[in-house]
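Since the structure comes first, as structure tokens, the remarks are kept for the end.
Chain nomenclature is as follows: A, B, C and D, assigned in order of appearance, with residue numbering initiated at 1 for each chain independently.
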Amino acid sequence: MAQPKLEISQLTKGFVRGRGDIVPVLENVSFAVADLEFVAIVGPSGCGKSTFLRIVDGLIEPDSGEVRLNGRAVTGPGHGRGMVFQSFDLFPWRTALGNVEFGLEMMGVPRQERRDRAQGWIELVGLTGFEHSYPHQLSGGMQQRVGIARALAIEPEVLLMDEPFGSLDVQTRDLLQDELLAIWQRKRKTVLFVTHSIEEAIYLADRVLIFTPRPARLELVLDVPFARPRTEEIKSSPAFVELRREIWQSLKRGVRI
Amino acid sequence: MTRLGHGLPLMAASMVGGMILWEMAASGVSGVIFAPPSVVLARLAQDTLSGVLPMALLGSLAHLAVGFLLAVAVALPLGFAIGRSPPVAAMVEPVMNAIYAVPPVAMVPFLIIWFGLFYEARVALVFLMSVFEILVTVTVGARNVDPMLLQVGRSFGANRFRLVTVVMLPASLPFVFTALRVGLVRAINAMITAELFLAAVNLGALMKQSAQRFDMAGLLSLVVLLCLLGLAAQEGLKALESRLLPWHVRPSS
Amino acid sequence: MLLTRRQALKTGAVAGLLPLVPARAQGARPLKVNQLGFALGIHVPTTAALVDIMPTMGYAPTIQRMDQIRTLTQTLIAGAAEIGETDSITVMSAVEAGADLKIVSLWYMHTSLVFVANADKVREFKDLEKPENVVAVNGKGDITHVMLFGPLLQRGVDVKKVNIVEIGGSGARMQALQSGRVQAVPVHFDQAAELAKRGNFKVLLEPWKEYKAWINEVWACSGAWLKKKENERAVIDLIKAQMIAFRKANADLAWYTENYRKHVTLPTAKDATQESLKPIWEGLSKSIGAWPHTIDMKMEYWNDLVPVYRQAEAIQGKVRPDQIVETSLAKQAAAELGG
Amino acid sequence: MKRLGYNLLGIATALALWELAGRWVGANLFAPPTLVLVEFAQLARNGQIFVELAASLRQMLVGFGLACLIGLPAGVAMGRSSLVDALFHPWLSMFVVTSVAALVPLFVLVFGTGFWFRAAIVFVASVWYVMLTVYQGARGIEPRFIDVGRSFSAGRLQAFWTILLPALYPYIVAAMRIGLVHAIRAMVVAEMFIILGYGGMIYRAGYAISTAPLLALLVTLMLVSIAANEVLRVTGRWLAPWYEERTASTGAQRI
């Protein structure tokens, strides 16, 4: 096997609560992601998936273990990764175009060039005509398209997505899933996609990782056998249903209500 | 904008109603003690046309502007420092709250000692009264910057300096505008206090003269002028804000 | 827990809202009086007359104090006080503006206000013309301003060149003088002595040496109020109480010291002794003659002052003193009291 | 604990600077804290300072209580009804500018100089700030909270008690805290004018040649104001455990 794009080894993280009690959040997580692979992480709410993604992005430092991108250790946020956030978190004072430009601006891309490039991404996510709208003038789905364009604009080697469709309604979510697949088909990227929806994970990913509840450990890894490009129909195929059942069984063991 | 658009007739009605109440309250009271709005407004118009009020107002505004701008220049960076750094906040806030508790009139003797009676002292009082007001609001604004936005900034590789200029500053702009508005109100208040309690000049001198002559219409016309000035300052800043920050949606009822 | 919280809310709300009801003496004629906030050596006998002697004559004065002559005058016009302290200039300008006020008695004869100057900078009156020398008065057109104005005119000083600023409050004025921000201020006689200890400050002007009589604070009330016989009676009794106090003050340093400690508002007043007060007492009683044996309201006092007031533009001069000053009540009081 | 350390460090620094400045210019112009402390000890032994302070604060509380009683509901009404807002906002914007010092003479005429004069001054000095803070809070309540109430078919009154009031609570506490500072300041200004109570003491201290007595009184005032504010903050937290400091501080978005 060639060198993996992203290599996660022995990641452990705990948070200090109250007077110094340490609550473990992440325990000994290790796996590797190949170049241009789409990996989904599924786990119960609050299991530490988001913390994990933030460590990969370099926003949080792990207590032990490390993240390697192209064989080099990640020590802080950088341009190799682009993050899409659950609550979109667009800058309310920037227009759609301005938000997409943000990462390029931080990279020091000259104004005209970044404008042109951002415009291209706006078109790709289907927001032509809304470049100059402010986030509060856009619907939730449109806001998240801007969020995706913002992350893609910096041409990251790895795209990190933190439950990106979690706060959208079901219809919008389905539409955006298809759009994400279409974009991914055209602009292939290595993707790490965190979600709590089993169907979403199967539908989108090449491989699904299942995390246990807090502290999160890697419980199970499953390959998704469907060919690409994928369409809605596979969701009703017996193989899909079986895969979903298998993941659910695994998750259920850890879920307590 | 909608608030103004829909509310304009109502506001006008409210103003007229207030005037009628005032007129009623003033009827039958000696002119040496109180004056009705009809007389006061006529007086205001007369003194404005004669140029007396505009000249005094300009003089007052000159040192208002200097003191206020100084306060802004000091309070904005300091407010950000306090808002973003808990140790700085813990060090400065007790002292700040303590000084804030003292009524400005009680500070006058000290201002005279330190800054004399003229221009510098007036500027100092305007500065002192508005700087804390601005500081408090900017501190809150800086403290309340959505942590998620800061995280987005960091995620996209913004360094500390960039985080401040590109994320924190714009994120707290609405608070900065509020701070300016609150500060300006206090500054106007301080301006007239300074002109009355230090060496009397400009509007303060006119006020004192009217008072000395028991010219209540003159006195009240100055009070009305100050009220209008305060109203204009607030509405002006609001209009400026909605022009400059089109993205900021004020919570609406 | 929740219950106690609610209870705490309720009791807290009620307890904060219970106003205090002042106790009142029974049977005595109530008299609403207002008075300047500060009382210095010169004010002592009249304050004593009001607070201590009037109750023995069947009156129950309630005293409101405030720090501005103008407000005192306005409360008289508005009827918030029946009778009270104010000064001649303010009464005259109020009457010019349409108020109905009468001056019925003096608080004291001759003002104890003096002008104190920084002796390093101001050696003679002419020095006040220099632009670097600033004179602080309480307000343009008030007693502190006009008092300086007359003597300056007499000595040929160009008053237009004198740099005059207004600073309200004699505390603030003294601070300004001490910190070198101004070079001359009006203060009371006893404050001047205190100032002289703190630096090279000397008395530049003593009004009682310049004028036959320099009337400052007076007792005034509204003309309508005075028309009632019982009110006129109250005024006569007040003047009698004043004269009793004046006579005691002139005769008895011990009495003066006791009342000084009681009524003077300076923070140092409580520490005063007969020895420390003797120079002040002698100055006020003998040199200035602030407390005449008999209060004699001569119209000529005001006739002499009006031209100076007018030159200082404190009044327009539309009103004659005899329309405002009521001299008969003091005469009546003197006759009743005798001596 | 760490925070307290920084608090003390900040206060110590301020005191040290004050001491240096005081020694540099002298007690007549700016008394250093060591002298002020001596002066305070004398005042405290005499005891009058506390009697005056207690009496003044009691009157202040009446004015302030009225300001809350009227200002809080009025602010909520303005925030929830555009009609009320349009009727009162211009007046609010104008009155908030007028300084207490300019109003005092007029109030003396109307109320005399007794109990109600001081209560009235304190009232007008604090009510606008109380109203504005609550107004901001009432305007900012998320419609979804109200919708939750509607969906549970809460009546208007019920919705007020169960949804509006708890949501407004942080703003109410903030409004009272902001109003209180203004109320205490106004109390002093009013009393300085009529030379009664604690403000009267400050006024008289202004006549002293040394600035030490004046500063002793002002520092005591500072302590009282801070303590009163702290009491409100702690009570606020105790009465409503869901009260969050951070939400409340947005109440500073005042006008």
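The definition used in the following text is that a residue touches a chain if its C-beta (ideal position, glycine included) is under 8 Å from a C-beta of that chain, and two chains touch if they have at least 3 such contacts.
Keep in mind that what you see is a predicted model, and the values were worked out from it rather than measured.
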item: Of all other chains, the one whose Cα centre sits farthest from chain C; value: A
item: Between B-D and B-C, the pair with more C-beta contacts; value: B-D
item: Centre-to-centre distance between chain C and chain B (centres being mean Cα positions), rounded to whole Å; value: 37
item: CA centroid of chain A to CA centroid of chain C, Å; value: 82
item: Between chain D and chain B, distance of the C-alpha-averaged centres to the nearest whole Å; value: 18
item: Euclidean distance of C-alpha centroids - chain A vs chain B, Å; value: 48
item: Residues of chain B whose C-beta touches two or more other chains; value: 33, 109, 113, 196-197, 211
item: Residues of chain D touching at least two other chains; value: 29, 105, 109, 192, 206, 211
item: Residue numbers of chain A (touch at least two other chains); value: none
item: Pairwise chain contacts, counting only pairs that touch as defined; value: A-B, B-C, B-D, C-D
item: In the complex with chain B, residue positions of chain A that touch it; value: 54, 57, 59, 77-79, 81-83, 85, 87, 89, 91-94, 102-103, 105-107, 134-136, 150, 154
item: Residue numbers on chain B that touch chain A, as the complex places them; value: 146, 148-149, 151-158, 162, 166-167, 170-171, 173, 245-249
item: Sites on chain D touched by chain C in the complex; value: 28-29, 58, 61-62, 65, 104-105, 108-109, 112-115, 119, 192-196, 200, 203-209, 211, 213, 235, 238-239
item: Residues on chain B engaged by chain C in the complex (per definition of touch); value: 30-33, 108-109, 112-113, 116-118, 196-200, 205, 208-209, 211-215
item: Residue numbers on chain C that touch chain D, as the complex places them; value: 5, 8-9, 13, 16-17, 19-20, 34, 37-38, 64-68, 70-71, 74-75, 78, 80-81, 169-172, 174-175, 178-179, 191, 194-195, 198, 265-268
